[in-house]
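Both of the next two complexes hold chain A, though its partner changes from chain B to chain C.
On to the complex of A and B.
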């Protein structure tokens, strides 16, 4: 399967803060959605900045549509829709004027589709963006991102300001978008429940490093958490442990093969694990 | 790039309305009173104020994530900078045209009591006005691209003072070259051509510097 986006050993260091992305590697195949998960400051936005060339990377390669994108590749950017968290657009515009601006930027700008999206999202095209709520701003961002028929959507916390009903609708839009196997989405989010609904792959980033990148179904059906007593934990094979977290009376152990664990470690409770819990174990716990 | 220019225009509308109001008010005062000192001040302020209109649009854009978002659209970084400089030049032309209309009306109403040298004086006035307005942009954009945009009120003042200083400096050098004596017509037209050429060269140089700074900027 070819990848619409592929990062290999991408690194970026900020001399002012000392924060660094270290050898970030992952691939997003055509027709899929990747959830990019990590706590605040983990490096999600920095990774997206490197992908979109708003940040210059120090090393590594990033291939979009199987080629590296530089500033001159405007045709490549025609195929990428982007939504950032917060104010994407000048606040003095309204949706109508924004469409005029975008029409002058994108060759494939589809006014009919944009108007339809505005109607679907119940956005008034004459209302100034500065009077929009956060949710409205995000909906406008998504409408703009879809209105030029991109092949790849890159969304940085794009569902964070939406209420659950609207999030559900937006997630359906995302699922429709990737239906034909020619489109993909990279979706960074804190809301792991959203990712569990739509993502095909989930990549965890922590302190600038990728700590896990797997198919979502594997995470949900293959990964598991074992609730061990301290004595049971000490007898465990360290190679089976992905991460563990000490609690008051037990140790939660993240393992990558549930059926193996059930066979190998009789008498230990093995629970299915949510994406949220995996993130907590990876971030708050210790890795073997 | 049309989209960038449209956005720059939308961002400037609020300031442009204010500019129009000021030009109309001062222009009408000029046409009614016909005072020569008001005319000189009016021409200089019109172009410089137009320059502020372009800068205000830049500042309003910078206050959101648009600066980052526009980099993800199908435009090159140099086109983003180019659009800002084109927009700056267009607003100056607008300011000059508006002030020229009121100056013409004033001359028609009151006769030519303003210009001792009939063509030379208004030409010099409009050229110095446009040149100063261009110099403002020449200084403002590279400095602002280089430094944080949240300091741009200070940058505007520095740019204005620098632009006035540049105009006075160039005029002084040209006058010094002729020994501070009254200029003949050929000397005058040569000097004013030099001033215009320097303004344009500085504008282009400023664009290239801004482009260079912006091409390396992280958002």
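On to the complex of A and C.
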């Protein structure tokens, strides 16, 4: 009983476009936040669709709260809060009326919590949703997702449209949510600076495949980028190289063990690495 | 309790937390038996991930500064001066090792290094 969400070899192919998720496997432990990172079109939303059973996977298993979800499993859906990018609520409703709808959908709907969330986010409950700004819509989505007391929060690009001040507020909400160690968050995003602050795990997806799933601290403190001259690069042990990218005057080499590299390759610049740069090297660079 | 997290240093955040809590314990601001915030609460206050705080608490426990009991939380350990002393000595050794390395690779004589160290030691006194 350690993972709130576990995917094992999940595959899904779309025959029209040829896009496919290939053997996606990763696990999200209880009480943690995972950043699901990848460039546009990498397969993040498709993965989330498979998790939520809104898309049918071709093969593999997905366990939520240690069991597989089937189509009739409404109780399990109560425990999942979902926020998608963009406005998915009827635009002519206001928050008050939306609450009426939600109350009928979720057994655990908590009106007091919803009202409190609205007040915290400074959202006017009598204002029509269509007049909300992008940031306000996002906050409303988060308020709705939290108001039925989910244990797992899944957000698809939910912080992308927000300004830094608002993103900071949302991060607070997330950290509040995981104060309960039975709660977890799966957060897909390409804004990696947010993830770098609060995520416990980072999982990279690229062209439908998981290329890395690690603890964030391991990634940013153990991984590093070496800035090599071409001659230095040619002498490097290929087993040490995770990915590399040739540029005009230097080669950036992603390595998985910083202290080893510092000892083994004297005279080569070893830089700490951000999640952004790891993504760039994994996606744009060549993998060894 | 105050903890300052710098984002503009190569020093990992968990290390920043560890060193500062150690300093608080050694300076006596945190006393034996004092409770530490829960890992989740501290993660929220510092805006860092839970695993980061967990790692620093684990290091503090390994080094004998705190004790963690499941369900109760973490507390400052019964005072253990020897331990702290040892820890400090180990830290000094690390730095001296670096100095020795630099000395060897750059042909600075041992006598010169000893002389410098003696000078610093007396000055700081």
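Quick note on the criterion: the second predicted complex is superposed on the first by the 287 of 288 C-alpha atoms of A that agree within 3 Å, B and C clash if a C-alpha of one lies under 4 Å from a C-alpha of the other, contacts with A are read in each partner's own complex, and residues count from 1 in each chain.
Here is the rule we go by: a contact is a pair of C-beta atoms (placed from the backbone, for glycine too) under 8 Å apart; a residue touches a chain by one contact, two chains touch by 3 or more.
These numbers come from a predicted model, not from an experiment.
> Putting chain B and chain C on the same copy of chain A, do they fit or clash?
In the arrangement built by aligning on chain A, the partners chain C and chain B fit side by side.
> Tell me which partner A:74 touches in the superposition: chain B (first), chain C (second), both or neither.
Only chain B is touched by A:74; chain C is not.
> How many degrees, to the nearest 10, separate the directions from chain A's C-alpha centre towards those of chain B and chain C?
Nearest-10 rounding gives 150 degrees.
> On the A-aligned overlay, A:89 touches which partner chain: chain B = first, chain C = second, or both, or neither?
first
> Does the superposition put A:111 against chain B (first), chain C (second), both, or neither?
neither
> Who does A:217 touch here: chain B (first), chain C (second), both, or neither?
Touch status of A:217: second partner only.
> Can you give the closest approach of chain B to chain C, taken over C-alpha atoms and in whole Å, for the superposition?
27
> Chain A touches which residues of chain C in the complex?
10, 12-14, 40-41, 43-44, 47-52, 55
> Can you name the residues of chain A that touch chain B in the complex?
49, 52-56, 71-72, 74-75, 77-78, 80, 82, 84, 86-93, 97, 100-107, 154
> Where on chain B is chain A touching in the complex?
1-7, 10-11, 13-14, 60-61, 63-66, 68-69, 71-77, 215-216, 218-219
> For chain A, which residues are in contact with chain C within the complex?
31-33, 171-172, 175-176, 178-179, 181, 197-201, 215-217, 220-221, 272
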